[in-house]
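Dropping the structure in here first, questions after.
We call the chains A, B and C, going by the order they appear; numbering starts again at 1 in every chain.
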Amino acid sequence: MTPILATDRLSRSFGGLRAVNEVTFSLAPGARQALIGPNGAGKTTFVNILTGVIAPSFGSIRLAGEDITRLSRHQRVRRGMVRTFQVNQLFPDLTPLESVLLAIFERDGKAANLRRPAWREEAAAEEAAAILARLKLADVMDLPTAEIAYGKRRQLEIAVALACRPKLLLLDEPAAGVPDGERQDIMAAIAALPRDVAVLLIEHDMDLVFRFAERIAVLVGGTLLVEDVPERVAADPRVREAYLGESLDGRAA
Amino acid sequence: MLTILFDGVAYGMLLFVLACGLAVTLGLMNFVNLAHGAFAMGGGYLTVVLMNRLGVPFLLCLPAAFLLTAAVGVVLERTLYVRLYGKTHLDQVLFTIGLVFMAIAAIDYFMGAQQQLITLPAFLRGQLEILGGSIGIYRLFIIAICGALVVVLQLGLSRTRFGSRLRAAVDQPDVARGLGIDVNRLFAATFALGSGLAGLGGALGVDVLGLDPTFPLKFMIYFLVVVTVGGTTSLIGPFVASLVLGLGDVAGKYFVPEFGAFMIYTMMVAILIVRPQGLFARGSR
Amino acid sequence: MTRVETGAPPAAAPASAAALLRERARWSLFDLLFWAAALAAFFVFPLRLPLLTEIAILGLFALSIDLLLGYAGIVSLGHAAFFGAGAYAAGILAQHGWGEPISGLAAAGLVAAALGFATSFLVLRGSDLTRLMVTLGVAMMVLEAANKAAWLTGGADGLNGVVMDPVFGVFEFDLFGHTAYWYALAVLFLCFLAIRRIVNAPFGLVLRGIQGNALRMSAVGAPVNRHLVAVYTLAAGFAGIAGGLLAQTTQFVSLDVLNFQRSAEGLLVLIIGGSGVLYGGLVGAVAFKLMQEWLSNITTQYWQFWLGAALVLLVLFARGGLLGLARRFLRRRPARSERGGAA
């Protein structure tokens, strides 16, 4: 089966720093994979390259067999690769409802419509409301995003991504800084994704990682160290060494 | 040919002195100061008043223009500009456009709308014949002064403590703050220097660029081109951009007078198409 | 932290998502009052019709800037380029014997939109600063071109000999400006309706999304550049219609339709009223012209000084403009509801 995502020696340096170094990596459709690594390992940079936010210095990316290395950001999204951001990237003046609706309009090719009032798109509005309800955002869906609580905004990050109907979802520390209760909501929403959506989860909380992931990749200093099932990754001495001092289960947030 | 080259270089260097303060304000505090030209105009009018009304010799007017505009710069920076640092570019733009309009109207009120003239001292007038071309002595003077300034600025920036702090602050303001560098004071000093240089440029430029109340608007586009094309990460970028602009503008007006005024716009568009991030952008971001 | 909205009675709750959206897009009492006042002005100030016409034109110009700046967040220093292009297009057509106003106005809009489309590709590039430079540069280039092409534009002397046919072949442009006012007001209203429709359509959401976070827009699959080209072209077209109106109602065009002051004035008007709000430009135009009238009774010559001072003060103290101030006082309805519909 063609992997949903395959990178070939993907690299990016900043000045002398090799933030991502010859990463060759693939994901099967429907995968539940985690990407872990110490701070500054290059995880976010990797996602940025995949999604076209920054260009690779070298290497190529295939999405479902198609070379997308040179495609623009929105074209990658149209082909099913959607991400969330480690640091919230939301629309502060839009309400959650509007934010999700916007993603739906873009997905359905209705965004360039100048004439039909947005409220007439009832199916889209209902879908948006359903997505928001799934992430427990129903009660704040009509407030400006800037005014809702941080944990809720983290959830909105995911809601907006889900609205794009991904085939491959890249989640960059979705639960970072979120209080425990809401953390469970977020993980539940991720676990409830349809099985044909491949998920790559970047996360520092090893509890979450081991509960969620069927496979784990470890990135250290820009280089892919191992990629294997959780038990073997946990047992790997190189991984333990990379996390030097930090125990693999549970880094204080 | 030589004449054009010389005029172009002199013009370009003058532009650099006028615009480099803007580059630094922009780089340091990410502040868009469209009123930068008003400081230059201030220096110009100061020179006119000092020379024509008070009979101060031209060479004395230059440092006076520098110091007084720098002083005005500091006062405005501490009282007004400082309120705008955290705000959006739009706010900064609107605010500084407002200042420009006020400056224009004020100058118009006190000095009238006409072009201002000064009489250069005798030793700066006339032409030199070199290699079959004739070169204005005043242009040479401008090149010498501005050239010296460029060297001093570059050395100051690369060799002194002030310079290294400034560079640190431009590159990474937060880190600089963390290191205990007083970015605000640094900025006030830099702002003063930048306004002073603009004032000096304005004084030097009275005879070359012309001076009337619309000066800040007329040259706004030049300043913007210098900083966008040259970037704000070093002085070399704006310097090269100024020279290119100066040469292009002079050559354009000489060779294709009909088209001359379009020269800088054409260059601007061409550069933008070829190098959207400016001539000297470091990599892509 | 979360603001609890107590104002709107929860009678109809829980509202459906579509109903929530619709609530924003409703016509309100303010709409009715505003346009009724515009109609009434004709009867109340019969001697000030030229001024009222100017207000309508300025309001349309500011409204077109609002689409660009208030909704999409693009700062332009050169919107006068499109105003002027429209003015010259309409003026030159009429001068050459095509005096039919409505088609002339359409031509003005199209010419300006074409110019906007052509230059939009430059505006896409780079940062705010680059945009400032490009928009200013393009406007100055157009001004210089109009100045040089004196055979077509009349250059510094202005475009004379603009003669308009009656509107619909019936209503002559009269000396008192009766027809001019009705005509300008009708055009303003139609353009307002069109822009209102645009901002209430999915595209309006797109524009606010781009202003809010262009990075996220691209991450939800939005072709941001294509959207920007579209809004730039649209805003240019509406500015062109405003310019065309000026040419047709004053039957004269001079180079200052293109100058920097015009662009800055448009910005100022919008900021006075409040940007990102449909009525910002219109309320701003009323306030601006009244202030100009009042000040020019005191000092005609140094008007520019007060214009500058107004900008400085607004930025420092009243960034939301008049409508922003009004909204702060009238916090009865949810503050956001003014976005699409009322005010």
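As a working rule, a contact is a pair of C-beta atoms (placed from the backbone, for glycine too) under 8 Å apart; a residue touches a chain by one contact, two chains touch by 3 or more.
Small disclaimer: the values here were computed from a predicted structure and weren't measured.
Visitor: Could you let me know which interface, B-C or A-C, is made of more C-beta pairs in contact?
Guide: A-C
Visitor: Taking the mean of each chain's Cα atoms, which chain ends up nearest the overall Cα mean?
Guide: C
Visitor: In whole angstrom, what separates the CA-based centres of subunit A and subunit B?
Guide: Between these chains, centre-to-centre, one finds 47 Å.
Visitor: Could you grab the centroid distance between subunit A and subunit C? Build each centroid from C-alpha atoms only and quote it in angstrom.
Guide: It comes to 40 Å between the two C-alpha centres.
Visitor: What is the distance in Å between the mean C-alpha positions of subunit B and subunit C?
Guide: Centre separation, subunit B to subunit C: 34 Å.
Visitor: For a test of understanding, state which residues of subunit C touch subunit B in their complex under the given definition.
Guide: Listed in rising order, the residues are 69, 75, 77, 122, 125-126, 128-130, 132-134, 136-138, 140-141, 144-145, 148, 260, 264, 267-268, 271, 301-305, 307-312, 314-316, 319.
Visitor: Inside the complex, what are the residues of subunit A that reach subunit C?
Guide: Spelled out, the residues of subunit A in touch with subunit C are 51-53, 72-74, 77-78, 82-83, 85, 89-95, 97-99, 101-103, 105-107, 110-122, 125-126, 128-129, 140-144, 147-149, 160-161, 163-164.
Visitor: Under the definition above, what is the set of subunit C residues touching subunit A in their complex?
Guide: Listed in rising order, the residues of subunit C that touch subunit A are 1-3, 5, 16-22, 24-25, 197-198, 200-206, 208-209, 211-213, 215-216, 218-224, 226-227, 230, 234, 334, 336.
Visitor: For a test of understanding, state which residues of subunit B touch subunit C in their complex under the given definition.
Guide: Within the complex, subunit B touches subunit C at residues 26, 32, 34, 80, 83-84, 87, 89-91, 93-95, 97-106, 108-109, 217, 220-221, 224-225, 227-228, 258, 261-262, 264-265, 268-269, 272-273, 276-278.
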